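Structure incoming, see below.
Lettered A, B, C and D in written order, each chain numbered from 1.
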Amino acid sequence: MTLTAARAPLRRGRTCGAYADVRDHSRRLAEPLSDADATVQSMPDASPAKWHLAHTTWFFETMILKPHLPGYREFSPVFGYLFNSYYETLGARHPRPKRGMLTRPALDEIMAYRAHVDEAMERLLSGDPSAEVETLAELGRHHEQQHQELLLTDILHLFAQSPVRPAYREAGPALASEGAAPEAAWLGFEGGVVEIGHDGDGFAYDCEGPRHRALIEPFRIADRLVTNGEWLAFMADGGYRSPLLWLADGWAQVGAEGWSAPLHWEQTDGVWRVMTLNGLQPVDPDAPVAHVSYFEADAFAAWSDKRLPTEQEWEHAVRVSGAEPPVDVGDPLARLRPRPAGEGAGLKQAFGEVWQWTRSPFSPYPRFRPAPGAVGEYNGKFMCGPFVLRGSSLATPPGHARASYRNFFLPDKRWQFSGLRLAEDA
Amino acid sequence: MTLTAARAPLRRGRTCGAYADVRDHSRRLAEPLSDADATVQSMPDASPAKWHLAHTTWFFETMILKPHLPGYREFSPVFGYLFNSYYETLGARHPRPKRGMLTRPALDEIMAYRAHVDEAMERLLSGDPSAEVETLAELGRHHEQQHQELLLTDILHLFAQSPVRPAYREAGPALASEGAAPEAAWLGFEGGVVEIGHDGDGFAYDCEGPRHRALIEPFRIADRLVTNGEWLAFMADGGYRSPLLWLADGWAQVGAEGWSAPLHWEQTDGVWRVMTLNGLQPVDPDAPVAHVSYFEADAFAAWSDKRLPTEQEWEHAVRVSGAEPPVDVGDPLARLRPRPAGEGAGLKQAFGEVWQWTRSPFSPYPRFRPAPGAVGEYNGKFMCGPFVLRGSSLATPPGHARASYRNFFLPDKRWQFSGLRLAEDA
Amino acid sequence: MTLTAARAPLRRGRTCGAYADVRDHSRRLAEPLSDADATVQSMPDASPAKWHLAHTTWFFETMILKPHLPGYREFSPVFGYLFNSYYETLGARHPRPKRGMLTRPALDEIMAYRAHVDEAMERLLSGDPSAEVETLAELGRHHEQQHQELLLTDILHLFAQSPVRPAYREAGPALASEGAAPEAAWLGFEGGVVEIGHDGDGFAYDCEGPRHRALIEPFRIADRLVTNGEWLAFMADGGYRSPLLWLADGWAQVGAEGWSAPLHWEQTDGVWRVMTLNGLQPVDPDAPVAHVSYFEADAFAAWSDKRLPTEQEWEHAVRVSGAEPPVDVGDPLARLRPRPAGEGAGLKQAFGEVWQWTRSPFSPYPRFRPAPGAVGEYNGKFMCGPFVLRGSSLATPPGHARASYRNFFLPDKRWQFSGLRLAEDA
Amino acid sequence: MTLTAARAPLRRGRTCGAYADVRDHSRRLAEPLSDADATVQSMPDASPAKWHLAHTTWFFETMILKPHLPGYREFSPVFGYLFNSYYETLGARHPRPKRGMLTRPALDEIMAYRAHVDEAMERLLSGDPSAEVETLAELGRHHEQQHQELLLTDILHLFAQSPVRPAYREAGPALASEGAAPEAAWLGFEGGVVEIGHDGDGFAYDCEGPRHRALIEPFRIADRLVTNGEWLAFMADGGYRSPLLWLADGWAQVGAEGWSAPLHWEQTDGVWRVMTLNGLQPVDPDAPVAHVSYFEADAFAAWSDKRLPTEQEWEHAVRVSGAEPPVDVGDPLARLRPRPAGEGAGLKQAFGEVWQWTRSPFSPYPRFRPAPGAVGEYNGKFMCGPFVLRGSSLATPPGHARASYRNFFLPDKRWQFSGLRLAEDA
């Protein structure tokens, strides 16, 4: 694999450099993985690491190289079938629940596919790419960054299925506290008609716009995330056994799945541990709780006599308080690390620790219309069922977070780094 | 059964009369049913007619008579277990999917249960009932009215399972046109901050409030419902075979269930027929389409290059245009009949024909808080998954419809009288 | 219903009388049932009573009247679709799991269907019926008798689903002991080549022949059935918690279904009761255990350090010891009653109490070939999966039992009156 | 991996050499596999290759080394949990459907586990092992051979799931004809009381005994296997669309799974191909059909107006005609190759091509009793549901086949090398 050599010339232009950075980040994420680690699919919701690495590459090949690089030679005719995710526009595809059957092509061959596409992308980007290519390349980079986070959450889920509890890495960013969590402070906001959505500066997904006015009632929001210690109190108070705290579907799920703690938690000899990318670790009572579903977050809020914020409240509070996503500092492990709690005026832990469930179903903003063609199949077709999460997590790659970002998952899902922040009416 | 005699004295007071009217309406709805018709459960979503008749009675017995009528003698100790629907507060209950196993108690005994409760309610209401009792009795009446509509949709679903296609009644209200449907006119609204929700005059469910301000963008809404003829055009144009028109979950459902037409439609020798309460009838191209899911309504709107209205847009348009629910004219069959199309300024067919899907997920209004105790388990716990339908249908009992009413069903459900009205951005 | 009058002339001939007796027995079995009781299907394995009553009638209409009675007028064209059970030869049919959706036709109409067919059968049988008609009528009678037993077991299963635990009848044949069960005696047999199968005298199903030689090794068989008291000892000794006693599939079933006692047993305040046709009754320790699956019977035998007999051993032991099925004594309730234990030389309780699981899979006898046409679809197509039960039960109608009878059910089924008798190698 | 070196001393004794041969054969089978190939589980019925390699090793470690080799050091305490298959006696175990989640331990580590156990086994066997150890070692070898065949069928199933259709090996034993298949000849046998079961000379599984007498009626059996060409004729004649040919459960399976050809067959541009260990190959009309279920074999026999043989008929015919299993000729690929058709008097293709379905359910022989303890959990607990297959296949390792061998699979399974030979009554 001579990916490093092949990538050197990419540094020339800005787009070229950004492309190389993102692609390189994926490569680094794959380094700790064996071929087998990268192949297995632990559940239909998750995808194999190899699939993430190939699918993001297929996106560049299909959306950019084939239509825009004359003479481009397709790496393999079968890859279009194997690595299309869900684009009905782009033909038949391998069924999602069978992604884990693909022991061949091996990880090596996927890395060769990546090098092949990188070489062609370099040629295209280091020339004088059209605005359309620039735009598609930007979309492709952000698309790959999304999959970088999923690669990590999916690997964590896979490793959590193994009784030997493998660690993805020996050390790295973790949801660890630096001392006792302070009491939560309640930040008040007046409400009124505010601007919501992406403001047109820099990249954003289609669903983050159009920017529009929203009416917000006065509210208060906690300046920090809910902690593991608070979650343990909820558990100790019978939170998982009190139907009145739960949405009806949530309570049914508690029963069907036997939920009694967040995902990846296990209790041995009275001690709670949680499976992390660094292996099985004691639950840190001062760190933010992660791996809870919307159902659990909502029940916890009811138990606290609070509620979850709407996504508009969250976005407004973040903008007003000036909370900022983490900045890339060059070191691939360090840059994943969240800023120390306490930094930023007012609202803390907005980014870089855990995604925060809001009470907002994932719905189109006023005047939203999906783009025509394949790229329009991006977000709109999922606007039924999921709830919006805001912020970012320790697994979000550098440069991917922003205040208008709308992550979304179904309310019963727990394998993401998903936590919560409380709110209330003022 | 001496229900009529027993009910006579109820006429004394206003509450008393309203109670008797509602209870009598249920009795009439059950008249065409055999014991067997009233016993069978055609799917887990539906309940047996007998169960509706008993559950609504149990509500009065449990919420009002037991706590408020001294010396009240419970009809049967096992009925609490059998006829609780989903109130976790009120103890264990018979599993919903097994409601159809209850061949005993027979319909006769359920009617005796109704008479027993009616007699006690009469005593309570014809005395000097407390404000709390009045309030609970009002809730109980509206609760029973909801089940009156469900009784009809559930019976229709049951009869549609039978190859002999029984008619519930020989003649009665139907979704029939009176001549060719006119071209849809598009009513424009300016938007702005408007008042939404129940205004406090008369009864409303908890979820219809609190009344609050909402910001609406300029929009247009069709003055009439989508017709069967328009739906046939959608079908003929490959609507059910075009994945790009559909939400992802909707498209999966189309494949899994083999949808190719609304529920209860069947084609024989090239002719489309639809199963109705009056038996199998030819599809009337000028009547509003019914028995479509949210998924289908949304796909139809995409095919039409329009969208569904939000529930705020719908409510605002109805209030501004002065559309009114049907009035009770005393004749139990006539009063179910919708007003002639064309009546009312501007927005037609808002009430009395089919419920209209909106694009709004069923979410709490700002500052909504469920009531404490069992009555608080009414709507809030379902605020995850369903979409809101507005208006009312030909199966909605007289006096039950209003502009602020929020009906809600999961997006794949089709057995209600659910149709649609289109909207677009202005 | 004037079935009695219509039936009077049937008494003329022998076939005629036999036909009338069987048909009348079904009518009596239906007497305690309401329309709703007769309509509901409690699980896919069971059928509604109404369906049994109609399907057996459809058999006579389809196999005999249509081809053999000139001018016969079909009762209803849709009944062929509704009441065909599984005959692929005879066209499309209503899906088995939806038999409970047929609230119409009502029980009354089914009884009218029976009268219509009875009247025609009378005309045919009281004339000079051909040998083929006589043969088919005999098959139809035995077919109806099979369904008479199923009608009872299916009704018992339905009533057991209802929390009110209705009794099918106030009093009637029951699995009750007449004093303490004696110690089991072990009857020894020498083995050798013996004759097995129906000997051609009187009616038998196709699968009971051809009569053939079988080689049996020396064995011993218990002279009586396993009792509830013995089963309670098995339970107390952890029988349902000891995987090594069970077949692998049986143990999986124990876990999946949470088995800890026979079907229809429930424990309240430390007392075991069993749901019977006479309602909920205390478990009688001296009566034979019923409602156990093959898996349970096999595990019990392992726990007892014995085994189940093969069907050849059972048949041989019954023939040699001269055990006889109960005789019809005219009184419909009395004739169902088993002979007092102790009667008959040697082998007791072979008939009239519970069917007895054997260790023999239901396989074809040597040289067995199904008959051509629809009647050939009778037993052969089920020869994969079920195990054979021998004897008869308290629900078997008079005249239906014989030594060569091969009843068969899948090894996890428990809703029949199925028990066991132990055997061992000599 | 220095397995070869470690194994050299094993050659000393006979047991030692046999042990080394079997272990070496497994190692060779794993050679073409990547870590990922060896990790993925393609369906719950199949196991990962890595699991087969580890489980067979665990068997030696658990049954022999721990109890019989003083001072033996367990390789890993977690392996007992991971690699127990189904022995209830031996404690909790990793759930079978999750065997594919174990990306760690990697294939390398499994091979190290094998070397660790081999080294210890060598020490034990090259000493003066007790008779018990010799017996257990023999059982362990045959157990491993069983898994060698499963490893191949499971890998074939996995590779068949991949759209790239990988070949396990470039060349190797295949079901290929050497010229046109001759007409089948029918060999006649007189029947009578014959001896069946293992005769005590050499190794056999518990279920192959006790040797006992069986009564066989006169029959004829085809001298060769059913071919692909004959199967194509069955397909062309509507075999998969004719319900009357099928057992009831078989016909249900045809509908549920959409069967229209054997497993692993696919048709492209009118040409039938079959996925094999050598990759996708044209269907050879003269080679024996493989990958058919019992249901299909039975339906084919009905279509042919024949039947499947009983296992007793098969064994008797093989013994009388002197058909012999293939002999090991030292070359690991060659020795898997079946003897040329035509060799052996009378009955051809009894061994080394495809297993042959019999009509016999897998039941205990007379006087069969499972051994006490863990080794007794071997076969007896599966004696409910499966049917017996006789002979051996091209995937059966050398030295593993014998005339008394009873292979068994559920009647719907098709992923083994399973075919058929016809029989009929004489």
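Annotations for the structure displayed:
Going forward, contacts are C-beta pairs under 8 Å (C-beta built on N, C-alpha and C of every residue); 3 or more make two chains touch, one makes a residue touch a chain.
A quick map from chain label to UniProt name: A, B, C, D = Ergothioneine biosynthesis protein EgtB.
Predicted model only: the values in this text are computed from it and were never measured.
More than half of the contact pairs of B-C, counted by residue number, reappear in one of C-D, A-D or A-B; that pair is A-D.
Relative to chain C, the chain whose mean Cα position lies farthest away is A. A straight line joining the Cα centres of chain B and chain D is 60 Å long. Annotation: 39 Å between the Cα-based centres of chain C and chain D. In terms of inter-chain touching, the protein chains here make up one closed cycle, each touching precisely two others.
Of all residues in chain A, only 34-40, 42, 78, 81-82, 94, 98, 100-107, 158-159, 161-164, 166 touch chain D in the complex they form.
Interface of chain C with chain D (complex): residues 86, 88-89, 193, 212-215, 217, 243-244, 246-251, 294-295, 298, 359-361, 363-364, 366-367, 377, 381-385, 387, 411, 425.
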